[in-house]
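Presented below are the structures under discussion, each in the form of structure tokens.
One chain, chain A, links the two complexes that follow: it is found with chain B in the first and with chain C in the second.
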Partner chain A sequence: MKLLFYYLIFPGFIFASVIGLLTVWLDRKVSARVQWRQGPPWYQGFADIGKLLYKEVIIPEEAFGSGFIAAPLFGLASVVLAVTILCVSFFSMSEGFIGDIIVVWYLFAIPAIALIYIGSTSGNPLSSVGVSREIKLLLSYDLPMIIIIVMMASKAGSFSIQSIMDWQRINGSNISNWYGIISFAVAIFCIQAKLGRVPFDLPEAETELGSGILMELSGGVLAAYELSKAIMLFGLPMFLIILFWGKGIIGGILLYLLIMVLLILIKNTNPRVRIDHAMKYFWGWMSGAAILAGILAYFGV
Partner chain B sequence: MDILKKSFKKSIWVFHLSTAACNNCDIEVLELLTPRYDVERFGIKLVGSPRHADALLVCGSVNAHAKPRLLEVYRQTPKPCLVVAFGSCGCSSGIFRDSYSIVGPLDKVLKEEDPDVKIVYIPGCPPKPEAMIEGIVMGLGAI
Partner chain C sequence: MKQTIIPLGPYHPLLEEPEHFKLYVEGERVVELDVEIGYNHRGIEKLSEGKTWDQVPYLVERICGICSTSHPMAYCLAVEDLVGCDIPKRAQLIRVVVCELERIHSHLLWVGLAGHFIGYNTVWMWAWKYRETILEICEKLTGNRNHYAMFKPGGVRRDFNKEQIDYGLERIVEMEKPIRLLTDAILDDPVIHKRLKGIGVLTKKEAVDYSALGPTSRGSGVPWDVRYDEPLDGFKDLKWKVIVQKDGDVFSKGVVRLLECFESISLIKQALVSLPEGGAIDADIREVPPGEGCGRYEAPRGEVFHYVRSDGSNMPYRHKVRAPTFNNLPTFKASCKGETIADVALITASIDPCYCCTERVAVVDKNNNEKILREKDLLKLSVDKTKSIMKKLGKTPPLYNMEI
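Let's look at the complex of A and B:
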């Protein structure tokens, strides 16, 4: 009963969707203000989801019907699970389990895998271009992020969220050291790519692929995807807060706002990169920086 | 259901389709996204795929070449959807009316496909941005 409450209401589905959709609004509003526009009202995210639920769902002839509907729901369910695990540990409502940080990071990958499934079965050529880009992007940002996660876990001595937070409570936050600052910068770009935002919005590429991988989604199926993306916009900064800050709700909220500001500014000041540039960037510079941070962490600076 | 219907009016995603317009209307559409007219205030945004669209913004007198494409896109759009006949050409084929290649106007073509299609007419050559915003708002009132 308690677990179901955690999963569905607080801090799971309802709480995370409300915060996530408000964050989507914040993102669009700040982007609009950066461009000297007025921007949408605060309920825009909710209106979009409601509207999509009202509309008809069209399933392409080539697609495998029930899979086409189930895949985004799988994605949504796993993102909610990831956020629940994160928040339950953050608000000290439960102990967590060994290895949960790895589980959470891969639960966040499931929406992308669901999209790859949908895009490749939808029979649309532009979608399949988007699929190939999504797979390459998934492989490229995973490497630096895994280096960072392993580094933080070996600092704390265990792959559990609780022990990473406890370690920081005793020894000071990771972000107050040089290795923390470098790996924080790397992690910001990794989650920017994971969220599929400009400059790494290659799989969707509104202008060149006509929303690529999402092209054949309509109505409720698209709503499930949009909702899981909104929840990820809450969950992934939360993930960084746990890795780099670790304690305190007030500090957490401030860091959350800082991360959002950085994500929005990166989005508004960069053009879209090419996929080979993105791969070179993540496997070269970003992984290099992550390894450098690892060396610094070994010496404790 | 009521709240979902209401949210439909607060979030209109538009797919822009050009069926043999003179290109001036297409340029004018972009004006709606500029800081001065900023339609994102009303939740309106341009999308890249007809599957996501709630409104089809069709510019231009329909010619024989564009007609099958127009019908294809209309069939691909999930219903309920609104069609905006944009500019004099969209409303009545405009100055191209007597040309040999024209099979329009738009409403005639679409009504052959779907008799209860909802069309909003925004006249003008090209219409002013204020007229476009008013047209879309009135169209939403009629849904």
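Let's look at the complex of A and C:
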């Protein structure tokens, strides 16, 4: 019962959705002000989801019906699970389990995999281009991020969220060292790509592919995807807070705001990159920086 | 490798107007491209032949909302060429001011759209914010933000008063700083360089072979500018230079447009300062003799060409319009092949296309090369459609004169 409460209400589905959608509003409002626009009211994210829920769901003829509807729901469920595991550990509501940090990172990958499934079965040529981009992007940002996760886990001596946080409570936050700052910068770009935001919004690329991978999504199915994206906008910064800060709620909130500012800044000061640029960037510069951070971490700098 | 056809259009977020590009792709690489236009034909030339000489500028202004000065300018030049009259100096300079204001707002519009196309929405919004000031100047000087209704064969319709001139000078000087800021921000951005440089290269030879016009040719090192080459009245007494870039890629075309904004600002300043005191603004053309005339003017997108023929009546007997996109469109065959889809989307936008300006229709039977839809048929189709709509609405259809 307690687990169900954790999963559905706090800190799971309801809590994460509310925080996520408010973060979406923050993102949109700040972006709008940067661009000399008015921006939406605070409830816009909720209104969008609400509107989508009562729209008709159109399933393309070529798609496998129940799979088409199930995939985004599956993605949503995984994201909620990931956020629940993260928050339960962060608020010290549970001990967690060994390897949960890896489990969480791959749970965050499931919405992308669900999208790949939907895009490739929809039979739309623009979606299929989006799918190929999504796969390449998924492979590219995973490498530097995994290097960072392994680095932090080996520092703490265990692949569990709790031990990474405990280690930081005793030895000081990772972000207070050089290796922490470098890997934090790398991680910011990785989660920007994972969230599919500019400059890494290649699978959707509105002006190239007309929403690409999302093109055939509609109604509640699209709402499920949008909601999982909003929850990820809460979950992924949370993930970084655990990796790099690990202690105290107030510091966590401040770091959360800092991460959001950086994400919004990157979004508004960059054009979309090309997929080959993105791959070179993540496998070259970003992985290189992550390895450098690893070396620094080894020497304890 | 298997070829797939990726459609761009007829309805696509990239395109402000309906047109259809078929991209034949292998993976992400485009190997061939087809362009289909013709979704937006409006029969402007035919309509023009039913209007008096003075009414036509009103019509040709509506060929394009952005080049709403260039088309009337070219038309007026064509009529003046036919009549063989001289335009008063004050009218020439007023024309320069309005034309160059239009060029700045058109180029800023393009910069904004190009920003949007590469996913850089901040550039989009900022460019359009600065464009707003230009539109305010237009409104103050001409009465309208677009469709200025300033031109008539022989001169201009309205004069500028002292207050308007001062306002124009003050605001246009203000504009230099923000446009400089925008230009520097774009020209120094490493990600934009990475994204736009070396993309969709149109070599100098290809630009000449395809007769590319405007910034599309000037971005490839071909210094064609009708204002300079002809040279046009008004422009020839002012100091300015034709902006040329050599590389021929999307970036060069953007640079040409941004730098042209400064030339335009300089032209407007010079023209407003050197406006002669008082004097006529109209050559007062009373009648148009039989004959033919051509007008060429450098619109923001390239050379606009208008041809008029008169039989001595009060209407053009024939009016032919050619917009610059008509020439720039085929350059895609040279610039798009071998590029990725992401880049082709940009390249198609880089000529600053204006399809509704371009569209003149001729439906031809492929087998025997015969025209199957003539002007009469098109008009009939249009009249029938209106009648059926009116009938549906339960209204009496107006009577049309079907004689052509």
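By definition in this document, the second predicted complex is superposed on the first by the 301 of 301 C-alpha atoms of A that agree within 3 Å, B and C clash if a C-alpha of one lies under 4 Å from a C-alpha of the other, contacts with A are read in each partner's own complex, and residues count from 1 in each chain.
Everything that follows uses one rule, which is that contacts are C-beta pairs under 8 Å (C-beta built on N, C-alpha and C of every residue); 3 or more make two chains touch, one makes a residue touch a chain.
Given the structure is predicted, the values throughout are model-derived calculations rather than measurements.
Participant: For A:G50 in the superposed arrangement: first (chain B), second (chain C), both or neither?
Facilitator: After superposing on A, A:G50 lies in contact with chain B but is clear of chain C.
Participant: I'd like to know which partner A:K247 touches here: chain B for first, chain C for second, both or neither.
Facilitator: In the superposed model, A:K247 contacts neither chain B nor chain C.
Participant: Based on the superposed arrangement, let me know which partner A:V34 touches: chain B (first), chain C (second), both, or neither?
Facilitator: In the superposition, A:V34 touches chain C alone.
Participant: Quick one: is A:S218 in contact with chain B, with chain C, with both, or with neither? Answer first, second, both or neither.
Facilitator: In the superposition, A:S218 contacts chain B only.
Participant: If you stack the two complexes on chain A, which partner ends up touching A:H277: first (chain B), second (chain C), both, or neither?
Facilitator: Second partner only.
Participant: Let me test your reading of the model: by the given contact rule, A:G210 touches which partner, first (chain B), second (chain C), both or neither?
Facilitator: both
Participant: Identify the overlap between the chain B-contacting and the chain C-contacting residues of chain A.
Facilitator: Shared contact residues on chain A: 35-37, 206-207, 209-210.
Participant: Over in the complex, which chain A residues touch chain C? Could you list them?
Facilitator: For this pair, the touching residues of chain A are 31, 34-37, 125-126, 128-129, 132, 198-199, 201-202, 205-210, 268-277.
Participant: In the complex of these two chains, what residues of chain B are touching chain A?
Facilitator: Touching chain A from chain B are residues 1, 3-8, 10-11, 35, 38, 40-41, 43, 47-49, 51-52, 54, 76, 78-80.
Participant: What residues of chain A sit close enough to touch chain B in their complex?
Facilitator: The touching residues are 28, 32, 35-41, 43-44, 46-51, 53-58, 206-207, 209-211, 214-219, 222.
Participant: Residue numbers of chain C touching chain A in their complex, please.
Facilitator: 4-7, 12-14, 25, 27-28, 115-126, 129, 189, 191-192, 194-195, 340-343, 345
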